[in-house]
Amino acid sequence: MTVRIGVIGVGMIGQDHIRRCTQVLNGCQIVAASDINVQSVQKVFDQYQITGKAYDNGHDVIASPEVDAILVTSSGPTHEEYVLAAIKAGKPVFCEKPLAVTAQGCERIVKAEMAAGKRLVQVGFMRSFDACYRKLKTTLSSGQLGEPLVVKCVHHNAEVGDSYTTDMGVTDSMVHEFDIIRWLLNDDYHSIQVVSPRRTKHAHHGVQDPQMVLLKTKKGVLITIDLFVNCQYGYDIRCDVVCEDGIAYMPSPLQVPVRTRGQLSEHVNADWRERFIVAYDIELQSFVDNAKQQRVEGPSAWDGFVASTTAAAGMVALTSGQITPVDIPDCPAFYRKA
Amino acid sequence: MTVRIGVIGVGMIGQDHIRRCTQVLNGCQIVAASDINVQSVQKVFDQYQITGKAYDNGHDVIASPEVDAILVTSSGPTHEEYVLAAIKAGKPVFCEKPLAVTAQGCERIVKAEMAAGKRLVQVGFMRSFDACYRKLKTTLSSGQLGEPLVVKCVHHNAEVGDSYTTDMGVTDSMVHEFDIIRWLLNDDYHSIQVVSPRRTKHAHHGVQDPQMVLLKTKKGVLITIDLFVNCQYGYDIRCDVVCEDGIAYMPSPLQVPVRTRGQLSEHVNADWRERFIVAYDIELQSFVDNAKQQRVEGPSAWDGFVASTTAAAGMVALTSGQITPVDIPDCPAFYRKA
Amino acid sequence: MTVRIGVIGVGMIGQDHIRRCTQVLNGCQIVAASDINVQSVQKVFDQYQITGKAYDNGHDVIASPEVDAILVTSSGPTHEEYVLAAIKAGKPVFCEKPLAVTAQGCERIVKAEMAAGKRLVQVGFMRSFDACYRKLKTTLSSGQLGEPLVVKCVHHNAEVGDSYTTDMGVTDSMVHEFDIIRWLLNDDYHSIQVVSPRRTKHAHHGVQDPQMVLLKTKKGVLITIDLFVNCQYGYDIRCDVVCEDGIAYMPSPLQVPVRTRGQLSEHVNADWRERFIVAYDIELQSFVDNAKQQRVEGPSAWDGFVASTTAAAGMVALTSGQITPVDIPDCPAFYRKA
Amino acid sequence: MTVRIGVIGVGMIGQDHIRRCTQVLNGCQIVAASDINVQSVQKVFDQYQITGKAYDNGHDVIASPEVDAILVTSSGPTHEEYVLAAIKAGKPVFCEKPLAVTAQGCERIVKAEMAAGKRLVQVGFMRSFDACYRKLKTTLSSGQLGEPLVVKCVHHNAEVGDSYTTDMGVTDSMVHEFDIIRWLLNDDYHSIQVVSPRRTKHAHHGVQDPQMVLLKTKKGVLITIDLFVNCQYGYDIRCDVVCEDGIAYMPSPLQVPVRTRGQLSEHVNADWRERFIVAYDIELQSFVDNAKQQRVEGPSAWDGFVASTTAAAGMVALTSGQITPVDIPDCPAFYRKA
């Protein structure tokens, strides 16, 4: 069986998913797409030799009887509306980040999905599909190291543009850690603190960089996130998990060690594309494989809601400098993972 | 366009490729398969919900007008016959190792393919599709390290069964290095020597293990292959390339480093399946992608012939203990890579 | 010239220094020693074939005209008195930790030494003589990585006895980091916070383990210390320094990597003796070499005072859970390093 | 007790040992030295504030009743004469490489020493005092990896001067491996082969570089030595030992890993001084410590003889390209190690 996919929004990320579904993934087919600019849909279809319906409106994509599953890759503020519509139509929907622009919007989606009675939404957090994180989780889940106590994350970017603000460190960058560490630990956050170290000279005017965030979970696990978005040397995502009986270190991506010119060295990833490119393929293949079986797994609307709520608390903590509570309701049974 | 594939032989490897084409790869479909035991074909079709033709004879698969491309996964001695038939039919054919059981058989395929006027055969050497080897080749091809002078290979298996003989070290195990090092260097072999170190107590009766092979290429590059098929500790494939301006080391597969019980440690692959599983997917996807465009790339019939010829010289060298010439004709323009 | 040394206190550490001066170091000789139990002095002298004076009182050692320099290795509460006496006698004195049992005691020593007009006191912080820390400092001092912004320390012990208390994490364990990070950064502390993560089941009753400490320096550098004294896996001291243009990682001590039984692994140090044994030799050789030239370098009385003051603030922070100021006076010119 | 040392030859290496004995080592004192140019002796004495006798002849140093032990650091061709004289005088003698310029000369020393009835000679092979080799040997000796089967050595120099010849690869460079691998394995050589890979463009005219040597021991262990004296990237000494139950890798010297400018990198040693500087201290301290107890340990005259004999066979093998026997007599009981 082939999953027939409709795409809402054919900007950069939408086009990339169309290419992925057409040329890389197994078991799916693009049959419809929409964009405010409807001509751009046909252009993409031509490029990938796709025979499909082009709409100027996402709701037409969702309504199309030929469409089995939806990808929402339109602009952020439109996500909530389309995801709610897909839920109403009873169709599996993959929604790029953010699920909604506010925690309240995420909550509305959560409620609608629960009312629908089954999971229909996968949020585009790709890290849990990355081989490095997966291997780390496998090690932790084996139980050989006992309970986790402290998690130390590194999130370093070579540099960011001048539109990047201090706030975005919390809402755009660290939100990935907010999501993935919950996935790694099966635990929820209880408090958050933001600490501002000495500023790098490489930060744009007024931007606090680096930042150090401390989270505590309900079980008491301490998470530190060392965020440094102008670290110059490359894109570097790391995660050490200190457990009762040992430490597990997330492996770094494959690189060729070289001895030359007085040094033993290896390349550091330049950016997130290079680092996570394969994870995107696996993420969407997973959506397709589940859709075939009429189910949705992976990062849920609830996960999107929790990440959003944590980021909101992080913003308060950033301003106050205080240890700030993160109020996350108990996870409904509906969303609880085995 | 979807490539319609026929499979000859549904033993273990045939079944695995059917699964791969059906559930993993993009752009292909199994439409026919044959086996001496024709019931087993239908059984596999049922397992993967495939609607296809089941034959008791590979030639029917090749002849079927519904079949665009062929996978030969029958027993070794039948390969030559089916590959020749596929060439005659003008259909792209992927043939698992060995291409033929003798160098002469390989040569007959080479001649037939050249007579057909275009490449139709891909041989199942999977290492050139492995990310570790590919990254190594990228580094070498960049030119930053200058010309290669010495290549040091390690080929270690945890253990082999009691049907494994000393000869198989050359013909079955090191044949992978014979192929991949040519690919890495774009060079051909000139001589081979086999040295027998002290035997491990873990080798079965009469088997020489480890073995060390020294190859020299026409350009003078020295290759050492440290083969040890009862090394106990795991499956370990390594490759260091010493060049005029530095050394490149093939990276090892991703593993989670762990500090526990007085040690910093990481897992070593248990066997070749664990080590090269992903390479098989990429290898066959590459065959499919090329078939879509009516072409064949990757390891060629010529490569199969050269590996077979080198192994034959290796057998002479194993017996004599002497530096033995490897007589490889110049590569025909037909097979020369850009 | 040979430096003639007198030792006050011949307990375990005193005996070890006597052995070191006699059998390992260059340019020194033990000529006198004291202990409450004077017989034990003669016993140690006999063991190492030393001809020296045995006293029952440290002041006699200090007063002896045959003694050029003093080692204070008696019980902690007696340190201040002997160090003050050595200063009065104008003799170089090496004092094991603690310099004094209170910050006030340290301050009295500082004042006495300044009044004496020249440095006479070296405190037994050995880490700055460790090859790993030294190489790290060399890298930082080269300037190639720009200014340090964040320092991440790990201080893990396999386990501690049941006399170990939560307070000792700050006063006995982390005091080493308090000292060495100032040495690394040439900076002083401004505030300290103590965070308590989830407790390990391996901690003795009532002990908080692990602990995470956050220090900020006057220049704004953030230091995190991940203390875990029942980590089970071994003794592990690490230090990553995040700078404006890159990160330097303190190297780990030499170990033999081994591939065996399905793993690539290496030994982790079992305890601090194994880890820092060589640093003690270099530390005391440095004291001797300087004493020959009538000078004292290395960790100073001021460093001892600052470490003690920082630990005192850490105790307040441990109780309150709040970000707590560390009030360190400006370093007097007398103690300032080039 | 202090060992009173006389030095024969105060060229670069002689001066360095005088500095070492005076400023670094424990338990020794320079009391005499000789040089053809006797003024240079006094100059060195002045530099290190030594009160000693200056001679123009090494035999006077040996004869001096004030001298307990001898260091021979004169020019190579004079070594044999002085070592024989020291043996005759019954004084422990440390002789820098070569012990004698021919295997026959070494043999004369061996005979003289055996006639003297006790070991008096230590040869200046310093690698067995290097921490990396020692740790490797400790791992092998633990027996956890079973019997060694294959040893793979790397001996790379950044570059050599234009007086370096192909022969010197065997007689000057690899002679270190000839000695250290015997020490590591407690085994003797049986045959040697020299293979010439493709030449680097960086070698001086007429010099074959790299070279690959294969040695087999009497027990059948295969040793490969990858010599490359113009490798450009630095000085790199490595040793992997493949055993029946696993592999041990000699650790590399401590370096600070750094992430900067798109790379994770660490320094490679520039030359042998940087790499083995500490080993020289330990080597000579060992000589002194043993001399105190009227004994000599470490690399023996027999070891010097074997290294010299192996190098001579290597020269034959280099010319012939054949597998060449290495005729080493059985080790006399006199020289056998426990």
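To keep things simple, chains are lettered A, B, C and D as they appear, and every chain counts its residues starting from 1.
One rule holds for everything that comes next: contacts are C-beta pairs under 8 Å (C-beta built on N, C-alpha and C of every residue); 3 or more make two chains touch, one makes a residue touch a chain.
What you are looking at is a predicted structure, and each value in this text was computed from that prediction instead of being measured.
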The chain whose C-alpha centroid lies farthest from that of subunit D is chain A
For the interfaces A-C and A-B, which has the higher count of C-beta pairs in contact? A-C
So which pair out of C-D, B-D or A-D basically repeats B-C, with more than half the contacts the same? A-D
For subunit A and subunit D, let me know how many angstrom lie between their CA-based centres, rounded off. 59
Between the Cα centroids of subunit A and subunit C the separation in whole angstrom comes to 45
If you average the CA atoms of subunit A and of subunit B, how many Å lie between those two points? 38
Which parts of subunit D, given as residue numbers and ranges, touch two or more other chains? 232-233, 245-247, 255, 259-261
Give every residue of subunit B touching subunit D within the complex, in rising order. 146-150, 152, 195, 197-202, 210, 212, 214, 216, 219-222, 224, 226, 228, 231-233, 242, 244-247
Touching residues (chain side subunit A, partner subunit D) in the complex: 158, 232-234, 236, 255, 259-268, 270
Contact footprint of subunit B on subunit A as seen in their complex: 23-27, 131-132, 135-136, 138-139, 144-145, 245-251, 253-261
